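There are two complexes below, and they share chain A, which is joined by chain B in the first and by chain C in the second.
Showing the complex of A and B:
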């Protein structure tokens, strides 16, 4: 067991970060009338606090030693806020910091355009409160602080989603987010209360010792926690809020939400579901595998048909959350059957994907923010030709697109590779028929990553290449440097972690070793360059070395074509004898049409074509075309559920008729019943 | 640099060069056999080389609408396919760069090339490029799970995902003739047809917008750029056929670098690839191209075969 450390320089980092955040919030509020300094103070303070938490997280990850401390101690009332940065917390803190830092820098320029001057202070405060509460969620030692921070996190997010509250759609998105989050929080409160009453304490060390509950109660609690954390993680079928809320917020907030906020749910799944309730059950693992598989496939299928760039990215967050849960599912299955080495690989896969997804999704949302700022629209169908007008943003989006498609040499590949390893090793480590789930999950993961590639060829190719499709797109210009630097930083990380995946895995070693049941797992890294999940050389990969081979072949290709130093002749694109206009280009809708038709059992597309008749029915004056896919979950699950709730509420209105006498009668009846019921007990 | 690394480097260069040299012959050979089946004379066997030489000698032409992505597409496609050849055992039961990765790296690298080409196809603004790009990514997405499942079936039966180790173990075990091998082979054969753009999935000889898939992506390319695309596609086809023969019938493959064994291996490899090419030709000559929306049925057959292969092997 590792020794908790309470001394040293880093021990002060977290209280310092909290202090910085509080001062920032105060200063931001004070400067509310002066947008420019207000913005810089809010975001500069946030960056300073992020640097502090990053330092602390790095220290804990490197040393593997937990850091504990007390934030606030009020002797008279006995209120104590203490914190503990375990290696697992540190990993999530690190993921948060890596994205929060560039996002804050980007926001310093972006908010000037995207947020009204009068709202700057509100957004600045909410930004800091959000990050501070997520940090508190990761380091909370007891359920009270945890749930408090969880709630503040939800409220701050809702405030940010409703930044542009003038638009009805944004208000609805914030409302939906609040409702779904509180259903989730309700499940968490119920489950934690049962756990706390069984453990007789509210601290995590007592509640999550693993031996507090057993039998069917344990399964029930697992289900409650799965729903509670699943809402925040955005897994299907609890995802309905995500494609509404994530795009509604300003783009840099969307980046935070998609990259980091969903990891709060993942953290909960790790801390409580997989490693807090004792040795996992096989059925739990199957539930996680199934939820992960469903989220991955449906998430990417939904992303594929979106024409709103930010909605597309939000749907792909569901997919990636699914991949993370898939890895965790393989890990819990291995734990259930006592295969520690396999479980370690699966946990490494899942935690690596948490980091990698945060990086490339943060990058993609920031690049999307630049595009939205330059064009004033989120519709891919109205972009086009942006590469020539915004060369840097296009390059960074392209790198993000390659990474999110799980292609080698970028950071999406190592985590998907590891997830495949987890699934294949899970197959070899599981007895009986159950193991056939793993190759199916593997095939689904392959389908997911291939569909993601199609989705991002579409998003990049239609959005950034060829001719501009609208006036705003042809007038677009590159973002200020302050918005490009954060993107460059994240893009560099995409490439670096793709070429040197061993770095991530080495950092994860202490994290994995700190998890119950995985104390002495074999290392999964092979130096900084490679990954070799140490199980009898099942598989290994060294992307950077192979990258040299690709580079050499590229040199051959270049030397084959670069003859005589000849200039490349520029000619117009052949357009079947006509003139090439943006209207003859392939559209995003057309691009995904074949897949829409092939998966029509899932999409259930509906379309309506109305020809506006002129003098002759054969020569219509115009055509109105409308196509949509059926919102399956909203219509068949949430619709009936909502109607049921409304009907029940209506029926209960009889009780609450507004008559004071009736209410007094209820109190009397309740008092009598309670007296009779409790009368027998001493 | 150690002796092994140096040896691997030389082997990688030789193997990539050899595959590059042999690939045009395979394409022309299939064309020739197809022609003979239709009572035509067909092109001379070296036509593929003449075509490449001619295209490489032409000037480069680029659309005014296009950007650097247009030029990067064919080069990246070529580079990934050629690099991928070093991950597959061809004559010797070892892949030159097997120390850098296995099946997943191979599939990922080919996907990287496809991503590059499909993106570049959208760059000229021509609707044909978009059509080809969309259809190619669609078919690739459908083929990917079946390809992976088929490869998993043979990889899990041996217990490694590294192609070099896999083929060595298969050679040691000798042919098992387990029914699961036949099922996995049949499944993968379908996928190879889909991935290499052969009838009944795609027609390599068509330029009709209703039917073309791969050709539509390459439609805007000319001269040296087109040469790279065509050459890389040929190498990719040879790569898939080699993978298929060495995974399921590793007979005659050399276990060392003795010149005699290498000659035997060369003969055996050429013979086996020729037999598979005959099979591809026969399929192509006796079938009509499927509608795009019938392709999923074909691919699900392959997916089903691969799953059955796994199921009967491990139950």
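Showing the complex of A and C:
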């Protein structure tokens, strides 16, 4: 056990951050009538607080020493809010801060356009409350504070999703989010109560010591926790709220939700499911692997068919959450079989992906926000030609798209590569039939990566290249500089962490050392330049060297063409003798059509073509085309569930008759029954 | 001698409760409550004499003055003032109600044997009667429509609790007694006002109409 540090500069960082957030909320409320200063105070305060938490998180990660302290102590009632920043918490705090900082800066400009002046204060307060509560979730030492922060986080997010509450779809999205979250929180409360009663304490150190429960009860608790945290993590089949809620919120909030809210669910899975209930069971690992696989593959398949840019990104969040859970599943499987070094690789892969996903998905959502602001629509089919009109945004979206596709030189690559390594190592490390899960998961992951690439080729190609397809797209203007700087920062991080994955892995060493059951010093980093799982000697990758080689090749190629003195002609694109109009362009729907057909069994596409009859059926006035894919989970799982709940609730209304006499009769009957049952024997 | 008086008074209280259940005239029901409270006062006085605990005399006096005289008077005045039908309107008819009360009395007596003090002797009867009174009071609340009878039912329950307190523990500290007495007065006052409001709003004292307030 490492010695907790209680002194020094860093110890005061978290209380200071809390204070800053509270003051910011107060000032934002006070300035509610003046949108401009209100916006700057809210987001400036948020940035200051994020800087403080980032500093502390970095210090804890580097030193590997926990920071503990008390935020609030009320002696009379015995209420204590204390916090502990373990290396794991610090890692998630850092992920939060890295995205929250640029998002706040971006929002300062973005909210001026995207949020009505009268709502500025509400959004500003909710923004701070959301970030503060997620921070509280990460550093909570006891279940009371944890669940309290968890609920505040849910409510703040719901408020933000319903920012544009005038639209019915947004209200429904917020409602769906609330319902799903409360089902999840219900599971968490139940499981934590059992755990607390068994441990006889409400502090995490006692409850999550690993020896509190055993046997079938432990499995049941795992299932409850998996559902509870799974809802927030957005894994399939608990994902239904995610594609609705993410597009409904303002874009910078979507970035936060993808990067932060999902991460809170993942944190729970780590803290409780994988490392809080003792040595994991093989069946748990199978469940995690299966859920991860399902989320990854179905998430990307759903993303592929979306024509709403933000919905597409939301579905891709499901996919990436799946990849993170897949890595965690591989880790728990290795732990269940006692392979601590393999588990360390898998956990490192999964935690790296948490960070990388937060960065590139944050970037993509911010770029999408710029596009949506410029064009006034979220439909990819109406974009086109944005590369010329919004060159910087296009560049940043391009970098994000490359990163999320897992291409080398960008930060999506290291984490996916490590996940593959973990799966391969897992195959060699586990006995019997169980090992067959690893190649299957690997194949699924490979397919997911390929489909993700296709998905983002489509998003970028249709959205940014060729000719504008609509008036708003041809009138689009580049976003203000204040919105580009945060994107540039995230894009730089994408490239830097892609070129130097060793930095991430080196930072993770203390985190991995702090988790129980993992090989303390799995040498996953091969210097700052490269990475290697470190178990077998021949697996290593140096993206930076590869990058230099690519750059050198590029320079050589360019200088060769330049030396030959080739003449550059600029002519219009050849159009087979016709005229190129936006109508001749490939559409997003058409782009994904072949894949839709290949995966027909999963999508179950339905389409309807109506010819609007003219004088003759051979010359229709127009054609109406409608295509949709079957919402499998909504129709076959949530539909029956919902009807069952509504029916049960209807039946229970009889009890709630509204008659005072009926209620009094319940009391009397209960009193008599209890008296006979409990009081009958001397 | 003391034991016999105590048992007689307790039995009298039970009988008044039965009569309240069986009675249809509102004024008589209120008077029966007064009689019940007077018997309760007698219980307190008897214990005060037998165990020579003089503070119990104050309790007895308070009980008689407040519950046997003041509260019945106030309730009758309320009934007079709002000028309603002076009949009790139960959901169940009288024979069925009495049968149910009989069952509740059996439960009360059976449960009283579970207490150390209630296994035999005077305590057995006092606790048995108190529990029965309590359940009968609850039953009256369930089965009556008028708000005034609801108040009477509540007061009956209160009498039952008081009976246990006085009979088994030989009386609570005086300050607690005073507190409870004022509580009862306040409750009756508030409920009386509430009844007048209900009548003013619904032109009836029938609280089953309150369900119309439900959204």
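Throughout what follows, the second predicted complex is superposed on the first by the 658 of 682 C-alpha atoms of A that agree within 3 Å, B and C clash if a C-alpha of one lies under 4 Å from a C-alpha of the other, contacts with A are read in each partner's own complex, and residues count from 1 in each chain.
Please note the rule applied: a contact is a pair of C-beta atoms (placed from the backbone, for glycine too) under 8 Å apart; a residue touches a chain by one contact, two chains touch by 3 or more.
Quantities reported herein were computed from a predicted structural model and do not represent experimental measurements.
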| item | value |
| --- | --- |
| First (chain B), second (chain C), both or neither touched by A:279 | neither |
| Between chain B and chain C, more extensive residue contact with chain A | B |
| Which of chain B and chain C A:449 touches, first, second, both or neither | first |
| Partner chain(s) touched by A:79 [first = chain B, second = chain C, both, neither] | neither |
| Partner chain in contact with A:659 - chain B first, chain C second, else both or neither | second |
| Which superposed partner A:586 touches (first chain B, second chain C, both, neither) | first |
| First, second, both or neither for A:408, with chain B first and chain C second | first |
| Partner chain(s) touched by A:70 [first = chain B, second = chain C, both, neither] | neither |
| First, second, both or neither for A:671, with chain B first and chain C second | second |
| Touching residues (chain side chain A, partner chain C) in the complex | 657-661, 664-665, 667-668, 671-672, 675-676, 679-682 |
| Chain B partner contacts - residues on chain A that touch it in the complex | 387-388, 398, 402, 405-409, 413, 417, 420-421, 424, 427-428, 433, 435-436, 439-440, 442-444, 446-447, 449-451, 453-454, 457-458, 460-462, 465-467, 536-543, 545-546, 549-554, 556-558, 560-561, 563, 566, 568-575, 580, 582, 584-587, 590-595, 597-598 |
| Residue numbers on chain C that touch chain A, as the complex places them | 91, 104, 107, 110-111, 113-115, 119, 131, 135, 138-139, 141-143, 145, 207-208, 210-211, 213-214 |
| Sites on chain B touched by chain A in the complex | 12, 16, 56-57, 59-67, 69, 71, 74-76, 78-80, 82-83, 86-87, 97, 99-105, 107-109, 111-112, 114-115, 118-119, 121-127, 129-131, 133-135, 137-138, 140-149, 152-153, 155-156, 159-162, 165, 220, 224-225, 227-228, 292-293, 296, 303, 306-307, 310-311, 314-315 |
